[in-house]
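Each of the next two complexes has chain A plus one other chain: chain B in the first, chain C in the second.
This part shows the complex of A and B:
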């Protein structure tokens, strides 16, 4: 079971409950329609990891790394100190695509949604560093939407297999975000088959599905992030 | 009085129509005479009549006919084997056909392509001839100054919009990237990395290793239909074949590269190949 530490203790049980069937080396698929809190959930997952002393890799594909910091700031989750300490590695896939000239720094790497090999090279470099830093770490890919838009779907699936293998080797926990309806149903099915744990967000409840079975929790989004609604 | 010349009074429209007919007739005759001289190989006479025909076309304000004369002038230069001049005339004709949206435009475009191909073939034949003249040298025994060729190859590489751009990656990092590209079957990246690895080996003068990388890259670039990159690989392979003394394969690769660059509409790249060939075969400009 992954221990998820949150800033507010009452939220901890909720997340522990969702992740109780996940183990190091697993791939978790967070999916659902747009605007249901998938990315906020990831920010929360990232921040809880950092607060709990677990380093993290965050691959930001739908917006730039600066936007990631800004969006997290809206919830009072400040990334900057963790970036400076080298506790979080960020791979930014969009800034270069937007034509901005940027250079890699220690823990901030730039790649491109059109260059999946380069992305995987940087994932490899980051996971090796994180593994050296801590025996436990998390890797989040948010999200597949733009990656699917720029690449053949089967290539993206092969990328995910390689991503999963890389995270598993290093005994990390991988999270991948997918917006439903952005690819063909057959590709969506293949995505589901790759995941060890699936978390389906629909705006009201999170449905967790793994080999251990299914369960769900009701949730809402507040200025403190995704919170469960106690029934 | 002038009316008497025609015996009866006609309308202004009749006269203008008649004048037009006379011009058209004159134009046809001038073109036929030019054709007659061209058939006999009397190029200057042919040009003289074509120039007269051009003036008539201008007088008639008929752009289609102007283009036809320029096309014919190009034919005269083509017959004289002055291909560059011929291409200039054909291009002028093409411009006019394009400006009036003439159906002859596409035909002209094809003709220019064909003549450009012919030009490349002639240049290659000249290279062969030059090599024949120095037949006391065996190909492969030439002293090739690779250091002079490498900057040209770098310029060629700089023209590529490579999928994979590891600016200062080590060989180990590149090999890791190659493994990843192969694992996820990212053929475009795999080919680009092979090209980079081949280039590094080539610059280290490890030509056998470079050859292996380039052959694999060639196969993948053919599959992904990346003509510019494939052309660049062909140039490297051509040089390696040349260094190995296999002149036939070398020329075949250079020819392929020129065709690929032409298809990619990159004459500058073709020019670089010609420079490389001049350096290899020691031909002065």
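This part shows the complex of A and C:
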């Protein structure tokens, strides 16, 4: 059954529908080929969460935290105020690698794509703060592609298990983005098994799959982000 | 013997590590423990020993930077040639490496570290990170290689320090790793949700019989690993039995009378004790029950890892106050146990009746006690430790 809804600016109903079967503590896998809007969907998820008063952790693994802000600005989603008042924690895995000397601050932390031990330390620190701040929060990891490129795949799966345990312990909802075809099928299968809810993007529709069943929405990408179209 | 430069660890190990020890720091994911390896290396370098770092987690430059943030000057030792890197990161990231050894393929790791060990006789080598090695090389091969390195370390009188993140490996592998080491230090978090601390404990040492003490620590920049003694709060309404409880639970205790800073000088009596129980060490603070001292509750509550709320089971009229105190001590967020005291007196309510009247959730254990006779005190402590360590 597919419900048809109108999209507000932040697509709240759209999300409500897709995430209907997700409970606090769940891990959601957003996956699909490159350039189908997975990251934009994440920005939107992040922004709608912040607007709705739920704090977030955002792990940027494929680009720097600066770029995150800039990319979101293209959709008129301004992150700065939320960074300043501590509603969003960002862990940046690439800026240091680029040779930029940067210091951690309260809500902006730098780690490295190869140092998964350190990444988990920072995830721990951030989720604890979020847990204290709010009974509900979201954590988004965009994406696994670069992490997979620089680590043995089994180690990345181990990281995800620890990550999932951490988020669910703190009663958050975790979103992890994966680009299909970047790892072996067996690893991809293990990834799918870890997820409580899977959202498959193909450029036209998002297919949601969980133990509660399957459903899909058709979507398009506009300057307001990922929007559903009546199907 | 060589020092570890980790506070408290040398005491527990009986003075330090044997010169050619293999030591593994084994940490659950999420614990900040890299500093353990780096602090040991820094201390040894400062003592004039030679040393190396094998890294597959960060480029040498980043590690130098990290050392600096702890207040340690690794660069100087690198320039003097007293320290060097075995770089297993840069080549994988497509970055140039000017390290003494740089590894382009994992098949070169074994040999590179063998040579590095020979380069630092009587010195120290730090392997960061062992887990990544396992997932590249395979479990059996890693164990074989570690055994060779450790033998080589024995021969050249070199200490080898491994940083190991305990991802979801099978217990067999972990057992085998432990068996390959002279010493294993476990590092864990206590009560994850509202972190109250990280602790280390020596699980095994071939040259001493370490106590099973859990030492709480935090990592600061600058400074490195610092240990601290956690506080346990004892609170509750006036006359409930707090002072008596602090005395009974403590190895030693004192009552401190202090002039309160107020217009009307009154005395604040703080009961302070120190407890040691099954490897757990803590300072115990009994708060005054009167409302005018509530500000103090807030301060003490923030620093505590757990709390005992003492109530007089014959005085239900004080229960509302007890609940208020729980709130004021911020004890909402920390593990706590309710002690239903004075069970010897007629009319004492049972734990169930108290739970009902006070409307406390099942997550808070209520332990019946006669504190004056010392009864229920150990039960209460066991219950609190169970909550803190999550059993």
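For this structure, a couple of remarks:
The rule is simple: the second predicted complex is superposed on the first by the 221 of 231 C-alpha atoms of A that agree within 3 Å, B and C clash if a C-alpha of one lies under 4 Å from a C-alpha of the other, contacts with A are read in each partner's own complex, and residues count from 1 in each chain.
Note that in this section contacts are C-beta pairs under 8 Å (C-beta built on N, C-alpha and C of every residue); 3 or more make two chains touch, one makes a residue touch a chain.
For clarity, every value in this text was computed on a predicted model and none was experimentally measured.
After alignment on the shared chain A, the placement of chain B and chain C results in a clash.
In the superposed model, A:101 makes contact with chain C only, not with chain B. Judged by the touch definition given at the top, the superposed model places A:158 against both chain B and chain C.
In the superposition on chain A, contact of A:209 is made with neither chain B nor chain C.
When the two complexes are overlaid on their common chain A, residue A:188 makes contact with neither chain B nor chain C. Touch criterion met: A:128 reaches chain C, while chain B stays clear of it. Of the two partner chains placed by the overlay, neither chain B nor chain C lies in contact with A:16. Comparing chain B with chain C, the partner in contact with more residues of chain A is C. By the touch criterion defined above, A:117 reaches both chain B and chain C. Taken together, the two structures place residues 114-118, 120-121, 124, 155, 158-159, 161-162 of chain A in contact with chain B in one case and with chain C in the other.
Contact residues of chain A toward chain C in the complex are 96-97, 99, 101, 112, 114-118, 120-121, 123-124, 128, 131-132, 150-152, 154-155, 158-159, 161-162, 166, 169-170. On chain B, the positions that touch chain A within their shared complex are 163-166, 173, 176-177, 180-181, 183-186, 189-190, 193.
Interface of chain C with chain A (complex): residues 27, 29-34, 56-59, 61-62, 65, 89, 92-93, 129, 131-132, 135-136, 163, 165, 167-169, 189, 192-195, 333. Of all the residues in chain A, the ones that touch chain B in their complex are 114-118, 120-121, 124, 155, 158-159, 161-162.
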